[in-house]
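Pasting the structures here.
In the two complexes below, subunit A is the common chain; its partner is subunit B in one and subunit C in the other.
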Partner chain A sequence: MTSTSTSLVTRDTATLPGVAVSPSSATRPAPTSPARRWPTLAWGSLAIWVVLGLLIVAPVVSFLLLATSPRLFQQGSSYFTLRYVREALSGTTGRGLFDSLWVSVVAAVSSTGIATLVAWLVQRTNVYGRRVWGLLMWLLLLVPTWMMTLGWGDLLQPYGAASTVGLPVSWLYGEFFGPLGIVIVLTTAALPFAYFIVSAALRGLGSEFEDAARIHGAGRLRTVRTVLPILAPALWSAVAIGFAETMSDFGVAFTLGYHANFPMATYTLFAAISNFPANFSVAAVIAVLLIVATIPPIVLQSRATRRRSYAVLSGRTRTPRRREFGPMARVGVTVGLGAVFLVALGAPVLGAVVGSFVRNLGIYAPAGVHFTTASYAAILHPTIADKSIGAPLVLSNQLGIVVATATGVLAYVLGRRLGAGRGGWGQRVTDVFLLGTVAIPGVVLGVGYIFFYNLSAISSHLINLYQTLPLLMLALTANALPGQTRFMAGPLAQVQPSLAEAARVHGAGRWRTWRSAQLPLVARVLVWGWLLTFTKTIAELAISQVLYPPSHEPVSVTIQAYLGNYQLGTGTAMTVLTLLEMLAVIGVVLGLFRLLAPRGWRRIGWSGVRT
Partner chain B sequence: MHTTQQSVRITRGRRVLIGASAAAAALASLTLSIASAQASARAQGPTLVVYSAQGYDSAVVTAFNKTNPGFIVTLNDNSTGPLLQQIQAEGTHPKWGVLWVDGSQAFAALDRQGKLAKGIVPKVSFNAVGRANIAADGSFVPTGLTATGALVYDSSQISPARLPKTWADLLKPEYAHMLGMNDPTQSGPTYPLIAGVMNDLGHYTNGSPASAIRTGEAFFTRLKKNGLVINATNGPTLGAIQSHKIAMAIIQSSAGYGAEISTSPTIRVAYLNPVTALPGTIGIDGLMPKTVQDEARKFVDYVLSPAGQHVMQIGDPQGDSLFWPVLNGEKPANKVIPALSSVPMQTTNPYVWGPLENQINAWFTAHVTNG
Partner chain C sequence: MTATTVSASSVAVSGVRKQFGAKVALDDVTLDAGAGTFLVLLGPSGSGKTTLLRCLAGIERPSAGSIEIGGRVVAGPGAFVGPERRDLAMVFQDYALWPHLTVARNVAFPLARSTRGREGRAARVGDLLERVGIAHLADRYPNELSGGEQQRVALARALAADVGLILFDEPLSNLDADRREQLRVEIATLTRAAGVTAVYITHDQSEAFALADQIGVLNHGRLVQCGSPEEIYRQPASAFVARFTGLAGEFPAAAFEPDGPGLYRVTLSFAPDVPVRAHAVAPLAADDAAHLFVRSAGVVLHPVTSPEGVPGLVRDVAFTGRGYEHVVEVGAGAALTKVFAAQRHERGRAVRVSFSPDACFVMRDTESGEVPS
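Moving on to the complex of A and B:
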């Protein structure tokens, strides 16, 4: 009984992707003697922090030091000055910070609210297409925000995709290219994170709490108000990760934000280093503030969950009962859910696909609109002036495979340690570090890599990596690692240490123990984590643009070059082909998993999505 | 029963083993192929890296590598902003061998920092405008010329007869909400335009440009009040004309000609008096080893040779290739471009206006872009 209860309580706190967890003390391995354990622990921690140091800490700190010490990297005359702090907090940069803060709060709260409703409908009702909604949420997670804004732009702009099919949406264009559109896109971008966190918590919450409230006379609203606080840990986690993701987003700030004269922090950071000479010090101050801004949500989350116990799972937890809608209500709710995904995913994807076939997209055409495949021809059979999609896409796939695999291995190790720690300061530091680094904009990491890895002491005497693909791979891995680790930490903490201990007791070696007792339980989260990093790596722009080696252009940079020259049709066609290729890879990987993995691997372990 | 379970376990084990082995082999071969490609590239010795934001750079580098055995030029093709970011972040440990972007301001700043090689001017016959844009110490040279502040307009919206004739005309109510331009923090050619307007309206000749700056700021403030529309770069500004949000814009001449010969036949280009010369400028990293600098000089020589000029003119036929040559005997790539002598063009001093870029851009962002 104790063991069952322990297992379920662990699951309650641990099945939240994106949330670092502290398993209950009962799940921790039995303590071994200090004399035997200390050296192993120290070396393991040391190795991990060395890796984190080289991947993230050293390059980012190199950049952040410029906030007050520009002379350290020959970027000014002062070893210590607060001039750039004042500069960053005034004028457009100050307004950018304010805008980012309120937009992030709104996006985090609204995405958590919508995600909670969607998760409840999918998990706890008989709405149609429950598996489809889960998969669509995955798709939403995989599509980067710059692709979304591109699709919205293609759809709504004058002489864009919507007007070509006769939809009068020009009035919406002005509204969308403003704070409203920014909040909508960023809310939809944060939606999947919140959804996976809340739905995991809902799966573990039996319906007895709802029943109890109703039995005691509570109406529907009162029942919701009674049950919702039980999900507080998940809701706070969703708000925290949504806030951090929104604060660090650059795609929307650079597109919608810029065009709407609505400065956001990541854009003002970019603008500070776009001039010549670049003002790296102001950019560093903004980066520090972005990281610091993630602390309040973590503190609020921590305070909210520390006051009381939320352990609701026990051996008596029953499988939740689904609410049965009547036929009309069921159809209505399903249509409503479809409308959410139409706004979040369907509109931008449709806009991009239709837009890629419009001749002279966005240009006044007195003779009417014509459809053409010329944009696809330009990237498949380029002239001397065009750029082919072939080599950049192959390179991006190679980067995606290497980065996703390396990140998967590192995130697995980190996630295990995060889940198996003692809940002390070490784990808290790692936890805050991982959420804080989520908020670091890619351009900070990219420029930090130049500062650090191009230091004469390193490139001349240690290793010369600058302007090579390995350095780009390292930076992309560093960029993906925090999010991937937080994604894996919850599911990995589900795995009972007793399974491995039992295997070892029965004579299995380390490798066999991992393969037979661990891998089956974590295979699915490893596959989805790999796919997440793979797709994010292919779509990544900020780091790639700064660090790609000469003559090795990733596809995101090529797309941006087309869009920057206002070759919208060609850029959009390349985006559509890249998206299709990403989906094909997802299909192949999931197909191979289904083909090669034993059936049991697909039925046990993490239940974020059914494959 | 036991045998069946065992066979199932073996089958599962094999599947896992096969899958894991295949994945490991694929990853290993991929990593090795990338690493070996990097190693072989490095084994060829010091290579020249060209940092360029020109639309025809890829074609020029490809042509150069085909015709010049002995060393390979690699290309870092990016927008001007990221390239200059990289150069600044690289500090005193640079990786660039040649910088090739529009405008001379960045080169003047690099020259002042002692980072450019001197005396790189090839022995070719420059025309008058070409000569006017060569650095006095020979640390950078023009490779082609466009004009910034060209009046690009849609002839279906505004007839040539109705066009403004002077910069002051742009302030008239009849042009309210009809004019657009780019954001200088996003568009490389736009700061030289703003500096050129200040230079002209403030009658700057030498000494402190403070008075010229004040005059220019007053002009742009009034232009903003008259409904000036700011977009990020040439592309979106042209898009605003093409979608009839505005009727004309002051942008780079090559962008206007590109639109005219490709997507929008009603687009035309006119010139207020004066427009500002925007040379495509090339310079060599003076901190590089002599071998790399020698390679860089060969590349610069090639760019300013008839063969190099030809590739520049065919490399981006609807974009950057639409420039005026700076060499005697060379003609523009397309007949849509008028004779250079018919364009009223001024040249600004990059050593004066270059250091003011951040200050003037900050003012413009606060009072015009976000004003």
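Moving on to the complex of A and C:
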């Protein structure tokens, strides 16, 4: 869901950066499979909805019902009450909602603005290092917000990373631990989503629109004003998704927001069920409001783009020309772009990496600053009982492998159904459902799981998963599934049905058809989807914090425990190692793909450049 | 060349119906194509020709009726043979070349079901690529080829299968005019040389007449006529078939009367003194609202001084290389198009137009059909 990165792909954008799949043009509606019979279809749909029901619908809906009907689940005396709504809208929880709203608006708008500029520079100019900037956007996408917050904190705090190398920036620390820092981190976190959406639109926007404007007398400014509205759907999508992402973010709320005494909705929701006695009804009200808050941007997007056609992609679209900057301007623009990434990625990563080597990070050292590997050694010899990094990191990797694989399989099946053109109401319902569930914050899902699977009707009579690893796996899978499905649906829809039909007609059975005429076309998407879910699962905080079973802490929870215990160096070192491990896995998997995949497979789907 | 022995498969379609929800795509279609026949299914968009082809391929399952290929029932009540077990090949409209496979591997794909060894397969692929003239592109990937080259790969792949039936799904529709003509000839010669049965769909009547031994005309999911190209052209079974297979003009008959076996004398409102003799597809009743349908081959232009024909005015003229095609107005709002003459008649010039009875039909207009211009 929104805590996963994969919700960036919507139907509008259709292609994912880097994973557009095949030469394609849907010249006719996708045909039904030859062997599809109604009973098969019905059983398939039923199976899918049973899975979605158990994974998402039941936990979330039962939890949300508590907002006004606590007696339904023996959580109160009323079948209908607005008491918890009033409670949630007052005091700290009310302020949390307000804070989340305005911060999200600012972050969504500013990230879209910055991302549009960056996308234009990378896609449409001769700025240096265009591939590098694209790669850095992917990195930015993978780094969770709590890691960014930690990095910034390590960098700016008194006796932190910056001061150890002589940069007098500790005066910024106070400013950062407040709305300013929260907006900066959330804006940078939303930046990749907006960037990828706008980039996809820019790639499809041929230069003929600019040419037509210029030929008919428009100057540079008027040309921009004329062409920019063509990007309106992408810009609105970027704002809507950026808003949903920031509204549902838990990492910043749990770390920066909490320490800065700046309550945000996802944290107050978490607090409502963490405090004693837990108040699920207030948490449910906050959850409902978090979900409802994502509706207006989507409606605004829909209204703004209604009745106007923005279909700009066609076989006649010309490859856009790049704006050629002169030597000085080119260097200047490249430096400016570098500055954006320095703030977005460089500062927090440098802060974390340098901070992890500072002895007694954040503590005054009369004898001067010393660099040391003690924090890394402490990981192996834990200073908090039973909290070495080894077991949590192994556990997180296991979770990542299981969740990414399960999500990949389910998302492939669902994505195929969404991508099939001739869908009935069942397909449309699935489509709308998955679009809606993308906006459910991870913390809402986590709390929903706690509530639903702890109901005596479930735990005593059906299945007792409460406080077990399988429940955590299920929740993480449910969390990743909607976004991952939408991630895959676009590329899967691009694979022409005739390619599989041609294989069948020319003698290939179902298995050979899938292996030889389908898998090669979607392999890259599957690999990237797997990597995205894997890395996001390793660093996932909201659900992990809510659902981890005793003595089975994922690494993100262990790191928070160290940070909460003011052992910043150890926590930071763990964070750096986790990040390095994520990057290593990405490198190994992509390397293996490059080594093992046949040459033809690797030709498919790299932003459509070679296809 | 590698010698291949292929026995052509006959095709028998009986009462086939196909529904997508409430929409009927095919309605009680029955037709037969003997072994070795080149059958062209002709019809406008939405006529059901693609659906029929997909039913033959096994990509769609008929809702009712049966299909036999080579005497074997491949679809029918309680029977359905998957596409991979029908022993056929297909050239797709969008070519459907696998982008991750080279040209050679695309062509070799169907050979997995052949008994040839590795060397035999390679020889077969090389032979086919030679035949379609792209042997030098064997190691290229599809996206590195032009549209015409891609089409040749698709054709070679279909021929590689050594099957008795090849299906063609509007294979020339994505090509420019020159390439269409060139590839049309190649498809005709290579398919016939292979000795297979072919079922080819198109909405282009000139393509159909050029390729077919037999043409089936489809409209609104129904087979409205099936016969040789000559039969279809000379004896269209309905106004729709007449319109869809190319007319110079169509005029409501002001009056008509029998004029011999199968012939009528038709009076047109704009030339009441010059009746036109025309064939009747079916006998007409006296109160029928009849129309005169005129093929361009039956229209002759004369100087205005000629005593023959009806008066007309040249509205447009186009040079076609071997002569000129004219648009001639013969009455208020009534015009004849594609009127050929070896000599040019300038725009605005008065002429006279006569009609040959062989190319004129009179029939009730009880159908309406979308006819592409």
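Quick notes on this structure:
As a convention for this text, the second predicted complex is superposed on the first by the 533 of 611 C-alpha atoms of A that agree within 3 Å, B and C clash if a C-alpha of one lies under 4 Å from a C-alpha of the other, contacts with A are read in each partner's own complex, and residues count from 1 in each chain.
Keep this in mind: contacts are C-beta pairs under 8 Å (C-beta built on N, C-alpha and C of every residue); 3 or more make two chains touch, one makes a residue touch a chain.
All values derive from a computational prediction rather than experimental measurement.
By the touch criterion defined above, A:Pro263 lies against subunit B but remains apart from subunit C after alignment on the C-alpha atoms of chain A. Of the two partner chains placed by the overlay, only subunit B lies in contact with A:Gln74; subunit C stays clear of it. Of the two partner chains placed by superposition, A:Arg303 touches none, neither subunit B nor subunit C. Once chain A of one complex is fitted onto chain A of the other, the partner contacts of A:Ile273 are limited to subunit B, with no touch recorded for subunit C.
Of the two partner chains placed by the overlay, neither subunit B nor subunit C lies in contact with A:His370.
Greater residue coverage of subunit A by touch, when subunit B is weighed against subunit C, goes to B. Contacts of A:Ala517 after superposition on the shared chain: subunit C is touched, whereas subunit B is not.
Of the two partner chains, neither subunit B nor subunit C is touched by A:Arg220.
By the touch criterion stated above, A:Arg322 is placed in contact with neither subunit B nor subunit C. After overlaying the two complexes on the shared chain, residue contacts for A:Arg594 are found with neither subunit B nor subunit C. Residues common to the contacts of subunit A with subunit B and with subunit C across the two structures: 598. The touching residues of subunit A, when paired with subunit B in their complex, are 73-75, 91-92, 157-159, 258-259, 261, 263, 271, 273-280, 360, 362-364, 366, 384-385, 387, 398, 401-402, 405, 447, 450-451, 454-456, 459-460, 466-470, 515, 519, 545-546, 549-551, 553, 557, 561, 563-568, 592, 596-598. In the complex of the two chains, the subunit A residues touching subunit C come out as 22-23, 25, 27-28, 31-32, 34-35, 37, 422, 424, 496, 498-499, 501-509, 512-513, 516-517, 520-521, 598, 600-601, 603-604, 610-611. The part of subunit C that touches subunit A in the complex is made up of residues 20-21, 50, 54, 57-61, 80, 82-84, 86, 88-90, 92-94, 96-102, 105, 109-110, 112-113, 141-143, 157-158, 161, 167. Residues of subunit B touching subunit A in their complex: 12, 15-16, 18-19, 26-27, 30-31, 34-35, 37-38, 49-50, 55-56, 58-59, 74-79, 81-82, 84-86, 88-93, 95, 105-106, 109, 156, 185-186, 231-236, 238-239, 242-245, 263-264, 314-319, 321, 357-358, 361-362, 365-366, 369-370.
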